[in-house]
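First up is the structure itself, then whatever we jot down about it.
First chain written, first letter: the chains are A, B, C, D and E, and each begins at residue 1.
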Amino acid sequence: MARIGVFICHCGENISATVDCEKVAKVASEFPGVTVSVDYKYMCSDPGQNMVKEAILEHNLTGVVVSACSPRMHEPTFRNACAEAGLNPFLCEMANIREHCSWVHEKSDATTDKAIDIVRTLVEKVKRNEALAPIYVPITKTAVVIGGGVAGIQASLDIADAGHKVVLVEREPSIGGHMSQLSETFPTLDCSQCILTPRMVDVARHPNITLYTYAEIESVDGSIGNFNVKIRLKSKSLDEKLCTGCGACIQKCPVKKIPSEFEQGLGKRTAIYVPFPQAVPNKPVIDRVNCTYYIKGKCKVCEIVCPTKAIRFDQEDSFVEVQAGALLLATGFDVLKTNFFPEYGYGKYEDVIDGLAFERLASASGPTKGEIRRPSDGEIPKKIVFIACAGSRDPAKGIEYCSKICCMYTAKHAMLYKHKVHEGTPYIFYMDIRATGKMYEEFVRRAIEEDEVKYIRGRVSQVYEKNGKLIVRGVDTLLMGQPVEIEADMVVLATAGIASPGSEELAQKLHVSYDKHKFFSEAHPKLKPVETNTAGIYLAGACQSTKDIPETVAAASGAAAKIAGLFSNDLLKRDPLIAVVKKCAPPLYSSCTGCFMCIPVCPYQAIDKEEIKDRSGNIIKTISHINPGLCQGCGTCVAFCKSKSIDILGYNHDQVCAEVEALLNEW
Amino acid sequence: METQNIYLPYIMQIEKVSEDAPFVKTFRLKFINPEDAESFSFKTGQFGEYSVAGVGESTFCIASSPTRKGYIECTFRKAGRVTTALSDLEEGNTIGFRGPYGNVFPIDEWKGKNLLFIAGGIALPPMRSVIWNCLDLRENFKDITILYGAKSVADLVYKHELREWDERPDVKLVTTVDPGGETHDWTGEVGFVPTILDKMAPKAENTIAIVCGPPIMIKYTFPILEKCGFADEMVYTTLENRMKCGFGKCGRCNVGKTYVCKDGPVFSLKQLKQMPDEY
Amino acid sequence: MNNLQQKAQQLLESGNYGLIVGYEKGTSGKARPVFIRKAEHASKLIFDESCDQNIAVYLYRQEIKHDKKKVIVANHHTLKSIVELAAENQVFDGDFMVLAFAGNGDIIELNTFEEIEKHVATLYHGLTEAEAAMMKKIEDMSLEDRWAFWENEFSKCIKCYACRASCPMCYCPTCTVEINQPQWISVPSHTLGNLEWHVMRAMHLAGRCVTCGQCGKACPLELPIQLLTYKVALDSKQFFDSVAGTSICADNALAIFKPEDHENFIR
Amino acid sequence: MERKLLTKDSYRSLITKLIGQNYQVVAPVKKDTMIDFLKISSFDEITEDYIVTVSSAKTVAFPRNEKLFDYEKQNKKLTQQDYDFDSIPQSVLIGVRPCDAFGFHSLSSIFCWDSIDKIYTTRLERTTIIGLSCNKSDDYCFCTSTKGSPGSTAGSDILLTKMTDGNYIVEIVTEKGAKLVADFSDLFTADGGVDKESLLAKVAANFNVDDVLAKINSKFEDEAFWTEQAMRCIGCGACAYVCPTCACFDIQDESHGGKGHRVRCWESCGLSLFTLHTSGHNPRENQGQRWRQRLMHKFSYMPDRLNTIGCVGCGRCSRACPVDMNIAEHCMSIIEN
Amino acid sequence: METNNTNNFEPKVVAFVCNWCTYAGADLTGTSRIKYATNVKIIRFPCTGRIDFMLLMKAFANGADGIIISGCHPNDCHYTSGNFHARRRWMIFRNLLDFIGMDVNRIVFSWVSAAEGAKWAEVVNESVDQFRQLGPATSYQKLIKNSEFQEVE
């Protein structure tokens, strides 16, 4: 007989402010099968959990409904508590009266009534829950890390150092990511490449890491513990085994005027190229779009000069398939193209550049060898204007969120400029200064106080050229909105950070959720910041939201620790909420008709055929069978099966029907 | 209850619930209305329709003895929709009951005879009524032997009563479990009921055999009884066909001309042999 | 003796075949299914316009399912159903031979599924003019009138399940309507239970109905329930280009999808 | 038997008055494509253009869904609301063919066997059956083979026979009939002595049901016979549902929230799950056994146990059958074999 | 088919939503404290692919005035394709209901992702307004009442 315990949480006042929790508990105590129904301030607290545990023991409960927040929040908490009290954890359900009720409705009888309905529904469901045992699946202890920026590099090294195999996939010819483009890093002003390049080399050398550059994810199937990842290795037109990286081909390549992506267009590269001198691997690829041979059918200079005959013009994309237990997304970010803002003149005036370009100008390895020279004429700018929030916090034209890193790097840029051009004057137009990290505020103060960076609080309305100068027109809101006009030699836009191109497609391939800005969504904003909603797929760095380097590295190490944790077991414990083909007594054995129309329905190829045999081994009938290791529990086959021969644990026919009835009928 | 609505059940309250085996429960039921309790009577072997409002009715025998007044008991295994709903109920809940229906074990005719009860699995409940009825009128009968088997030790129902019968000097109880169903501390027999019966080789003289069990057990038990010399009219069994009404109208329980609900459920082997094999 | 009867006689006499499922003359000039086991009974067989019943339902009948020496005389409804049953693994290649008829009345022997599929490709797949007109009549009604129309029709249904029993595609040993844990559909034959039943039946025939109309023909109360399954069949064709009974290996329309499937109602 | 005459105009007045006096008047009505018994509110709804209605008249006393009682569960307590016998209306059933009328006899023998089903009996008691002799028949009719006839008065309270002039011969069969005639005595006039037989349809007696009764028991064990007989049968319930004597039913609960009712609804022995045990065992697992049950029940069990034949020869089952299982033919097969 | 009785009429609405997108989206609505009508109560499913059309029939039979079905946007399904299968199912089912004269405006279908907390509130509020306009589902509920007993057809 059902003995259900109902536990109504006030969640401080989060629930009780709009829902009469005492009434809910009282009404629920009258539901058939409810043995105990209580309310409490904080169910998830230790005393709250103890109430649940004690009730289980005292009343010998057969089911528990915790009426509180979303199951995403505390279902594991209470299921564990139930398990500790000896109740099968799958006999515990959460009735979500916070996110789905108290937070979205005003205080009223209707809100309380709705909470009662929700509780009644879950009580009827839990009555029909079955005690389930978790499923164990073997884990392939290899991680695929997607993205070779600092996040991917850090995570790969951490996982590899923990003794597990890593496959690192980078779509560019070299790992390094945006960090390799940076000059110095805030707030310490140490050289970015000096910290990063040794790590890049470590990656290349690590025996546990397989590196695929110029490669992309083609497809992913399978699930946690056993993903099957197909990787497209884009043709580099090169036999990497033969190439020694001598660079002869690059020197001789006749096409030399291609704007370098790495240099943000401020430098040039050849058609066969390595993106930057410290690239890992330091072997060239042919940019087929710009290569004369691919355009005109002749040239082959590189092939001629190559001492090891490594050039392969007819090389095609190839594929590798990797079995992996976990995936890490570390695909980073991009910056908003500033043509959103024609009034800033980006693209129109050569001397209006974005932050990344400034990084290259300031970098000792950059196109100006670290001297701040403006792109148009190579002159050293005397007045330079930095415009913060170029796109950020601007729902009308750009993006509504704060890109978080711009305040700091703009301060850094102004500082670097001042350090290099002592007589110059840097101005910064800003909205607010957000300097919340360790030593960040001090850094900004230093810029203002020691380096005399002129901070102007206000927005720039227009940048236009006049007499060879860039006139920056804005207002100073601290001076009662007085108009400000600065005759600048150069303008640097702190453009917003946005999701890396292709994020959406990648998310769809991996079935992870992403937000409306195409950043990948974490499973929980606080408690599961490096997990996605898809088990076995993790997140690190700016692909989740723009992050600075310390945060990115912290997230990468966090994700790596999660993956290493997952790999520390040989078997993976999985929720057993999977579909099963129902069997019954002979002579029917199963109501499955063996039409096998469900086979194409399954996204996981989990359905195959099973022969039912009598005692002497004769086949009586052939029915569908669901492989529990492959089934992920979507239930599409369950709804499709006409004879209702398939059911799904945790969401079975009886449960969902009872829920519908309980939701619509009072008793 | 003033009604002539033959479909209207008595309302009964569950006084006691016991879990006898995995998925098997026994309810002790009392009439809510004292007048019903007063007017109600039944005899051993009869059955009724037990119902859960909103779910439906299910047919099973009255498992208690008519000698025990003031309540009836029923034992059921959770299998279909109604028995699932029933097993969800607890003490104090109310259920519907209509009955009694069907014929009875002719225990008056058995006076002065030896009784051999042979039961398997969940078929002990119908037998339990008649066993207790006979034990409560112990002086009317000579030797009483009970052979009861189940798939496994856990599946044996009425364990406490089995112990009680075992301890009684005037009852010989033999329990058995199917091979593989025994536990390490099992002291009873191991083997299928017909096999054990064969080993027991009961004497047929002046003995009535009452057999209840799954069809496969019955099928193999009758020949052994025959071998031991039991005449067909000395062997009784009770049939459990699917029923809806309980009073010969709904048309399900026909076995040839025989209506199990009216002419049965108790049949002698002699009667059974005259019926077509459609049960 | 006509061609069919002679053919049947030969087949039975040859000993290679032991059973012919076909049509005979029934009561009041109606045709009805017949099972011929002896050559001398072959003369009972008929095949004319009255033989419009879909008899594919007998192919998987327990009593003759495993009899591999059977022949079925198939009209075009039956042929389409055989193809669909083949696609759904309910009948198996080589388990029976089909006698079909060419346009000129000649008998065609179809021994394999491939031959049947090929022959079915030559048949007309779609509603007759009269059927299409009935569909149009209902579709042209206002929503209220349509509801009133079907409410009236469903109120008459006695839930005898003749529609189900006569439909070759209704082969489930336990129909959803017979499941009581949970009770999907009200058992009593009131309008609500009837509506639920007919909607469910139609949905379960989505992508599977060969538009033979046998369910409607079988209904003793003459409910035009075939229109419901026609509706899902027409929609399957229109939305997914899926026509049941044309391919022995096609996946069911609702078992597959295309990312570009187009609807206009999801917000 | 007392005979009277009812002119067509008086017939109209009679029905109109009955309706006016709040009788539930049930009559054959052409609805959509078919003719069936329906509650009428005006004489003009009645049709006489039928051989038999699609469904039988049994629905008046044994409706396809009968609410047996209501219940309510509140606070874990159950209360029951007994069947309201007072709610059963006084009814007049018009246009019942003699075969159909006789069907009530068989039906009553089931519902009154030992445990009297008062819901059924009250419904029938409160119904006056005005039969209508058959003036036409078809290939399905075989009442004359089952001891009936197109003009049989058995089962009717009053039997009308339509004359060529459109007026009706009235035969007052029962006291209930006599009472109705007395209540409206001004509408009935003296009998003109027209020969009733000449007005009746001719139904050939192709077999004698007594022969079926005599032979069917010996056929029971002949499984091959039944399998072959039932080959065509697809196992629906149409025959039983339209049959005037089939009484098999199911008992089901219907509820919403804590309120609900128990319902008795028609079921058929032809359906494969009719006898299925929860254990999976089915005593009648193939269609041959189920078809045998149907015929045995009508021609052996009912005659033996209830002293009545379970078939009135109306031929409805054969008309309703999607595969033309003609019961008369099957009876003849039993005799022949 | 329905009378437009919108006086204080509060429709009973069931929402069948998938666990990964819309359920999470509705969580986000809560976290963002966006208000919506109390009429809608959510039942969680693993995926829209799991939602049996029979459950919609069940909801109507139990007195629902409106139903919301919501899941992941195309290509976003946590299980790859459950929502695509569901979409096909609804395309057929919706037309069938329309064919029998049911007002399909009583069923609202939407894709609401885990990020679309605001959209969920919009969908709910718009749907409830729509159902209010339609009034109680009397034509269906009449069938439920009539289901108790049918004397002579």
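Going forward, a contact is a pair of C-beta atoms (placed from the backbone, for glycine too) under 8 Å apart; a residue touches a chain by one contact, two chains touch by 3 or more.
Owing to the predicted nature of the structure, the values given are computational and were not obtained by experimental measurement.
Which chains, if any, touch subunit D and subunit E both?
Per touch definition, common to subunit D and subunit E: A, C.
Which chains, if any, touch subunit A and subunit D both?
Joint contacts, listed by label: B, C, E.
Using only Cα atoms to place each chain's centre, name the chain farthest from subunit E.
Relative to subunit E, the chain whose C-alpha centre sits farthest away is B.
Please identify which chain has its centre, taken as the mean of its CA atoms, farthest from the centre of subunit C.
A
Kindly work out which chain lies most centrally, taking the average of its C-alpha atoms as its position.
It is chain E that sits nearest the middle.
How far is the middle of subunit A from the middle of subunit C, if each middle is the mean of its Cα atoms, in Å?
52
Calculate how many whole Å lie between the centre of subunit C and the centre of subunit D, each centre taken as the average of the chain's C-alpha atoms.
Whole-Å distance between the two chain centres: 32.
So, what's the distance in Å between the C-alpha centres of subunit C and subunit B?
47
Show the residues in subunit D shared as contacts by 2 or more other chains, in ascending order.
Where subunit D meets two or more other chains at a single residue, that happens at 36, 64-65, 73, 76, 250, 252, 254, 256, 258, 279, 281.
At which residue positions does subunit E touch at least two other chains?
53, 58, 62-63, 75, 81, 85, 89, 144, 147-150, 153, in rising order.
Give me the residues of subunit B that touch two or more other chains.
Expected reply: 56, 80.
Identify every two-chain combination in which the chains touch.
A-B, A-C, A-D, A-E, B-C, B-D, C-D, C-E, D-E
Please give the residue numbers of subunit A that touch subunit C in the complex, ascending.
Spelled out, the residues of subunit A in touch with subunit C are 588, 591, 593-601, 640, 642-644, 653-654, 657-658.
Within the complex, which stretch of subunit B touches subunit C?
Per the stated touch rule, the residues are 56, 80-81, 84.
Applying the document's contact rule, which stretches of subunit A touch subunit E when the two form their complex?
So the residues of subunit A in touch with subunit E come to 70-72, 96, 98-106, 108, 110-111, 113-114, 117-118, 121, 507-508, 511, 513-516, 521, 533-534, 577, 601, 603-604, 632-636, 638-640, 648, 650-651, 653, 656-657, 659-661, 663-665.
Would you mind writing out the residues of subunit A in touch with subunit D in their complex?
30, 32, 584-588, 661, 665-667
List the residues on subunit E that touch subunit C in their complex, please.
1, 53-54, 57-58, 61, 74-75, 81, 84-85, 87-104, 108-111, 123, 126, 139-140, 143-144, 146-150, 153
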